[in-house]
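In the two complexes that follow, chain A is the common piece, with chain B as its partner first and chain C second.
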Partner chain A sequence: MNELCRLHQIHMGYGREVVLRGVDLPIQRGSILGLVGENGSGKSTLLKILSGVLRPDSGDLRGAGGRPRVGYMPENCQWYPYLSGAQVLRYFASYVSASVNDQQAILTRVGLWEARDKKVAAYSKGMKQKLGLAQALLGAPELLVLDEPTNGLDPRGIIDFYRILREHAQAGATIVLSSHLLAEIEDHITHVAFLRDGRILRSGACSQLVEHCGLPSRVFIRDEGDVAFLQPVLRSQGWGVESSDHGIEVLLPRREVGSLLRAIAGVRGDVGDIEIRHAGLNDLYLHTFGVRSMAAPAASAVVDVRRNGDV
Partner chain B sequence: MEPLRAALHIAAKEMSAHLRSWWIVIMGGVCALLSGLIGTYGFSFAAGPAGAESVLVSLLHLQLYIVPLLGLLLAYDAVLGERESGMFDLHLSLGVSRWTFLIGKWIGLYVCLAIAVAPGMLLQVYAFHVAGGGAGTFAALLLYCGILASAIVSTGLLISSCSLNRGTVVSLAIGSWIVLVVLLDFLVIGLLSATGGDVPDWLVNGLILVNPLGSYRLLTYAHFFPEQVEPLLHVRSVGVVAALLMLGLWVTVPMLLAGRRLRSIHRPVDYRSQSPAL
Partner chain C sequence: MMAGIRLVARRELGAYFDSPIAYITAAVFLVLAGTSFMNSFFLQGVIDMTPFFETLPYLLIPFVPALTMRTWSEEHAQGTVELLLTLPLLPLQLVIGKYGAALLYFALILAGSLPIVGMLSWLGAPDLGLILSGYLGAFLLGALFLAFGQFLSSLTHNQIVAFALGALLACVLVFSGHPSVVEVIDGLAPTWQPGTVMADAISCLPHYEAFVGGLIGLDHLLYFLLLSAFFLWLTQVGLRRIQY
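And now, the complex of A and B:
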């Protein structure tokens, strides 16, 4: 996977308010990058710079092949209420020379074909979001920039939305999207960038970041009977072990989960229930932002515990 | 898309947006009604040149109220609405420049304004013709009216670009209409009254010229009634050229300021190519 483009040392402010402070962000070709951060962290500004709407105070966009074709979906787009969905799409299609067939295919793909002749004023928020996606897809863009794209979509709409994104990513498009919903984007993004106070705290491929941060997988072992006898066996392997509801919880690197299962099978083959939870975007977020989870110890603390071999 | 085509595309959309709304029809109807009344009023004086002059003076004043009112009403939302709805950002992401966007808006609004005043103008043509006015005189009136409309549309676009706060923009539009149509004239009249006319020509001329409506009035009066205007309005040293120049500035300067304002808010991205070794 090579870089499509790179935001290089981006500084940006509105008047006296500094919004972005030296952002460096490579964007890998064919990736789906999730931009995650608190409100006011600079996500929308960064997306506007990426889509060509804003020029930063300093820094620039760099790319090997010049400026990529961009499809941009702004946050909370209101569209032209007096036009129908099809008319809105036709209006914007003219700028990218998208054919009528393309417009029809896109309207069908995003699920707006039936409502194409309805005035946008009568559209629900979810339908406006779908229209936003349709507009962004016009002209087969190399880079899709989507600001909070699933706001207002129903569950079915969200599933369809990510299916469409995956199809486009598989076809070679690069996608950058912002969202507050970690659980929603987790299964769909390949890369993530965490933004706080205008700075990128951490970015990269999700799996690599989890590994790099040493975030452990959690294996919950539950049984009707007592499984406490497993604790010393597992601790002897160097894994962190804690008591949990109706069983024990083991903290270990993802690559060692197989070894754990073999070890359990070696001691007792009929353990009732084993649940494996690999560290994900939520753990990465908590780790990056230094937030201590209510449900579990912070990942950094877990790593320290394991290193000390004590719980 | 090429800039010119993009501008015309935006203009067509702007026209379609305004022509769908009822108020432009209503304003056009009001304009037509006023024109009809003035025409009728003009007939009541006398037929022939005197009647034509009465109608002409009335029509000149009617344009002074109607054109700025309609122009500002049409234009105040032109940029503000697009920025509020996110459509302006979308245009920029599609490679439409701020200037293309503004010029497209300007063309669309200008045509809409022309359509709004057209019914009134048709009645005026008829009234003017019946009163004995010549076609050439009316063509000149149309030309000056067109220049005034250009200045008002530019001013409206500047006002619309000034802020993202709708209340501020509406206040600016209403305030501008009051200042241009009423207050600046009162200022000149008040100054002349207070000093008994003992005011330097350059000051009176300047105060008249700085107002696009004043320039328009000066231009039309200097064209149609030169012998009456000169002693009354201290225009001895002010010619048609100066008034035209001033109106030209009112067309271009607000557009430049609007472009500058949008540029300061939404600056275009400078995309740097980099070697593939990146």
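And now, the complex of A and C:
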């Protein structure tokens, strides 16, 4: 991946309130970058600067080929209630020279073709969000900037939304989106930037960040007999082992999970389910923001281990 | 620069004619202006359009703010102003484009009164130079009202507030030059004659009446052109402030 553009030393304030404090953020071509942060951390302001709605107090957006062509989907856009969805799209299409065929294709793609002649006033929140995405896709932008894009979408709408994003990214576009929902975006983003108090705390490719932060994978071995016999074996390999009422938990680097499974397979005894959970966006968030995890881990892989350690 | 302005203007003009409100407003305006003129015409029996032009400023007080109230306040309220600012257009192009569309729409409505000229020409020999000068004055007066109407619309998310502010400023600019108002205000401080000072300084009525009287002076022309340009500049400054 090469760099599409880079936000360089962005400072921004509204009156006396400083919102962004020297943000540096490279945006890789073809990536899907998730902007994650608490409320008021400056996400929307950063996205508005990226899309050209706002100009920063200082700093700039640098791109190899100048400012990229941007499609922007704002948070909570209400549109023109007296126009139909197709008319709204035609209105914005006239500014970016998008053909009638393009408009029809986009309306179909976002699932608004059937409702194209309905007035926007009669649209649900989810339909307005879809119209926002349709408008942002007009003119085949190089960079798609989406502010809380799945707000108000139903589960089907969310699935369709990310499918469209993936298709767009596969076609070579770059996407930047903000969200509070880590679990929702985890499977879809390739890069992440954590923002707090107007500063980027950490950014980069998700997998590289996990490795860079040394976040361990967790393997839960559920007790279906007595897994205590495993503990000395696992400890002898240098892995961290913790006991609980339901079994044991092993913390180890992701690349050593295979070795662990082989070690378990080599030991005779009763072992129940093995749940492997690689560190993900949630762990990265907790690590970056210095918050201890309270939630029970979600399974990313469950392996059933039978007697004699057959996996 | 011009291509962007044309694009915005064409789009805005289309938006005017997409809505039945535009036709209704135009029809109401022309009926009121026509009725008012015909009333004077039959009473005075003179082949002259002056009564039409004399009534016009008072009709424009509610009419023009009704045209301009949605121009920017709707974009603010619906959140679409952010989208417009992401388009490959300068704020000035957006402002002039929207203004140009409103101006053209206003000119078309004004042209709706041309049958009166036809009728007068059929009945006698009106002073066409005087009529032309009157139309120029009416166009410039409308242009000024549209410029500050657009500016006031850019200050608020609420169309009703934009309308009220526009009508209020129009009232001030028109009535501050009305002889009765000037006389009353002068009476408050006869030495200083504040009414006359105010009429000379800010009112559009003396400048407009000069056109209606057939006098196309540079000072009157500049009053309308500079003041309109000033309000357009203020509007684009406001938009740029959103960006900055």
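The definition used in the following text is that the second predicted complex is superposed on the first by the 289 of 311 C-alpha atoms of A that agree within 3 Å, B and C clash if a C-alpha of one lies under 4 Å from a C-alpha of the other, contacts with A are read in each partner's own complex, and residues count from 1 in each chain.
One rule holds in what follows: a residue touches a chain if its C-beta (ideal position, glycine included) is under 8 Å from a C-beta of that chain, and two chains touch if they have at least 3 such contacts.
These numbers come from a predicted model, not from an experiment.
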item: Side-by-side fit of chain B and chain C on chain A, or clash; value: clash
item: Which of chain B and chain C A:H212 touches, first, second, both or neither; value: neither
item: Which superposed partner A:P74 touches (first chain B, second chain C, both, neither); value: both
item: Partner chain(s) touched by A:E3 [first = chain B, second = chain C, both, neither]; value: first
item: First (chain B), second (chain C), both or neither touched by A:R163; value: neither
item: Touching partner for A:L61 - first (chain B), second (chain C), both, neither; value: first
item: Residue contacts on chain A - larger count, chain B or chain C; value: B
item: Which of chain B and chain C A:G52 touches, first, second, both or neither; value: both
item: Overlap of chain C and chain B interfaces on chain A (superposed complexes); value: 48, 51-55, 70, 72, 74, 76-80, 82, 91-92, 94-96, 135
item: Partner chain C, residues of chain A touching it in the complex; value: 48, 51-55, 57, 70, 72, 74, 76-83, 87, 91-92, 94-96, 135
item: Of all residues in chain B, those that touch chain A in their complex; value: 1, 6, 9, 13, 17, 20-21, 84-87, 89-96, 266-276, 278
item: Of all residues in chain A, those that touch chain B in their complex; value: 3, 6, 48-49, 51-56, 60-67, 70, 72, 74-80, 82, 91-92, 94-97, 135, 145
item: Interface residues, chain C side, partner chain A - complex; value: 7, 10-11, 15, 18-19, 74, 77-80, 82-83, 85-89, 242-244
